[in-house]
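Labels for the chains are A, B, C and D, by order of writing; each one numbers its residues from 1.
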Amino acid sequence: MSGFNLYKYSSPATFYVLAGRLIPWFYAAAALLGAAGLYVSFFLAPTDFQQGEAYRIIFIHVPAAWMSMFIYLAMAGWAALGLAFNTRLSFMMASALAPTGAMLTFVSLWTGALWGKPTWGAWWVWDARLTSELILFFLYLGFMALQAAIDDPRRADRAGALIALVGVVNVPIIYFSVKWWNTLHQGASVSLNTAPSMAAVMLAGMLVMALAVWMYAIAAALSRVRCIILERERNSQWVAQMLGAEPHPHPNLPLEGEGTNVEGI
Amino acid sequence: MNAISALLRRELTLAMRRRGDALTALFFFVIVASLFPLGVGPDPKLLHLMGGGVVWVAALLAAMLSLGRLFAADHADGTLEQLILTPTSPVVWIAGKILAHWLVSGVPLILMAPVLGIQFGLSGAELAVLMWSLLLGTPALSLIGAIGAALTLGLRGGGVLVSLLVLPLYVPVLIFGAGAVDGAISGLGSEAHLSLLGGILILAFMLTPWAVAAALRISIE
Amino acid sequence: MVGMNWHSLSEFIHMGGYALYVWGSFGVTALLIAGEILLLGARRKKALTLVRRTIKFGKAENDEDAA
Amino acid sequence: MLEGKSLACVRGERTLFSRLDFALGEGELLLVQGANGSGKTSLLRMVCGLLAPEFGEISWHGEAIASCRERYHADMVYFGHAPAVKEDLSAFENLDLACRLAGFPAGRDDVKGALGYLGLGHCLDLPARSLSQGQRRRVALARLLLTRARLWILDEPLTALDQAALHLVQSLLGEHLAKGGMVMLTTHQPVAVAGVVPKTLQLS
């Protein structure tokens, strides 16, 4: 089979070691970018003359909203890969991303509420973005609940992947319909009417924060996928072997052969 | 084609012999819609404004309630396996099953809707728009819901899970369906809403049978 | 603590009267992230215990499967 | 000719079987044997195409069953644990509709004849709800009389049948094999088909 190389990298055994080496770097990148982002949000960005200091919440609200959507896309991407090539690791990545994505969706809802109160005088308004985020949150919950309800890991992987794909086809339709509904009912809409000179600083701050969140999400997903690999593969030989060599895992150990244990025997 | 007409006949015969199931969902629809005036008060102006949305939400819940009948019984008694093993393409018989499900659970909702609309003081033209929107919307609900029904086959707590999976996906149908009635009430017109609803129906009709076929394969393994 | 926005620490904490909202947002986000990291640690610990137990007690079953 | 090559089956975290090979030619009977939980039903479902093998391939006349699905399913009949009999339909309606759905419509008299052959002549129009477990299984087995499929895959076809029905099914198998048909079956009871030495496939 021509995809032998692909199989090597998508083998949970190889990936487990690789992920373990990458995680600290992603956490470090997230911490550095987060510090830079916070510096921009609190010290470089000036006070908004309409909203006062409350507007600083967008530096967490907007990146969280962006990333919550992006992670759903990534999840669907992994799901599609898994269904197309039947690689277990892709399904595991999809499940590993979901809780982090749901957490960020919750963050964007929570910060949206805390921003809404001083800005519009209400904890919750049916603004197009907040409403879409709420539905996205339900989509994440549905994905996780479905996977949790299925005992057979193979079925859980595939069923989750399918609902993620169905969801990702629907997200644009949902967003469009909510927006349409919102304008028809003259609902509140989030507008950042700030001076153009300030917009550049704000955009930079939001981008740096989004990058920080991105790095964090990768680190968290990789840590989670390592847990999933351990839970699923606890019967295979490579896990036993590696656990003996836990403090300094050598990638040169003959792991590849054992990794395909379940498919290969 | 012979197989599909046999399938439709079988589904409709079964529904006729189990009339109670379809009637339960219909009564649920009526009761949910009738609870709203009790909850928000009998102000005719308010009820008139809410009417379209309330009937639509009730239709959505009733459609969801009947999803359990779509595949669960066939799964339990082995018929589903036999259907998968027929030479007919799964997409075709799945579309047939969803059509039968809509005839049994969707059409009665459309026919009952004007009665509920009158409770909310909707005028004749508004009632017509309500029925049109349901005619375009309820098949989409059956199609989208079939994915959830197929994925949750045989799971514990499947009923609640279906609602969690399916209700977020129903949002666009609800928005355009209720929006059409709103458009008729406010005089803004409802053509745009109805054509968007039609667009969703076409899209759902083209895509969901494939998704359901994949979901059934996954669930039956 | 002196940037172009704040003249003192208390002014920074006060956030122009929006302390509850601003710190509520950033604080809860930090808590959630910390919580997720803790949960991940706990899950890893649990997974490792599970693996060790499988290696210790599940050996026989393992061999049977391989045979 | 039905062939399975180096098949593996994983359910949950357990490997039920691996490196399993079998071949089934015309006029042959393949008995799948093994203890409970050894993967007999999984193997049959795999051969039907209901379950994708974790590894390996199943072919029908040299072609993978996934790539000739329609032809394969038109040539195959499966009898599973659940008899696929609807309680609200009569025995006649059940069999009639099952045949139509499977793409081999049979005439009214043929359907009645098949049910009569299996000793259900007196309850053609009774709803299946009022039939016993064994009678329902006989309604499902009656499909075997009407189908023109060459490959029969039968999962415990003899369970809950009385002596008379047992003999009927065994002679049915004999006729099918004599015509060059193929049968793959699991059973806990001994099967004796006149003139045929069954091949066996042992799952550990």
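A few comments on the model shown:
Keep this in mind: contacts are C-beta pairs under 8 Å (C-beta built on N, C-alpha and C of every residue); 3 or more make two chains touch, one makes a residue touch a chain.
The model shown is predicted, which means the values in this text are computed figures rather than measured ones.
Common neighbours of chain C and chain D under the contact definition above: A. The minimum number of touch steps separating chain A from chain C is 1. Interface comparison, A-D against B-D: more C-beta pairs in contact at B-D. At the far end from chain A, in terms of centres built from Cα atoms, lies D.
Spacing of chain A relative to chain D, judged by their CA centroids, is 47 angstrom. Here the spacing of chain B and chain D, counted between their Cα centres, is 36 Å. For this pair, chain A with chain B, the centres built from the Cα atoms lie 32 Å apart. Distance between chain B and chain C, defined via averaged C-alpha coordinates, is recorded as 42 Å.
Multi-chain contact residues, meaning those touching two or more other chains, occur in chain D at positions 15. Multi-chain contact residues of chain C, defined as those touching 2 or more other chains: 65. Residue positions of chain A touching 2 or more other chains: 152, 154, 235, 265. Touching chain B in their complex are the following residues of chain A: 83, 135, 138-139, 141-142, 145-146, 149-150, 152, 154-155, 158-159, 162-163, 165-167, 169-170, 173-174, 176-178, 180-181, 184. Within the complex formed with chain D, the residues of chain A that make contact are 151-154, 232, 235, 262-265. Contact residues on chain A toward chain C in their complex (touch as defined above): 42-47, 52-54, 56-57, 60-61, 64, 99-100, 103, 106-107, 110-111, 114-115, 117-118, 216, 220, 223-224, 226-227, 230-231, 234-235, 239-240, 243, 265.
Contact residues on chain B toward chain A in their complex (touch as defined above): 147, 151-152, 155-158, 161, 164-165, 167-169, 171-172, 175-176, 179, 182, 188, 196, 200, 207, 211, 214-215, 218-219, 221. The residues of chain B lying in touch with chain D in their complex are 2-3, 6-7, 9-10, 13-14, 17-18, 76-79, 81-89, 93, 220-221.
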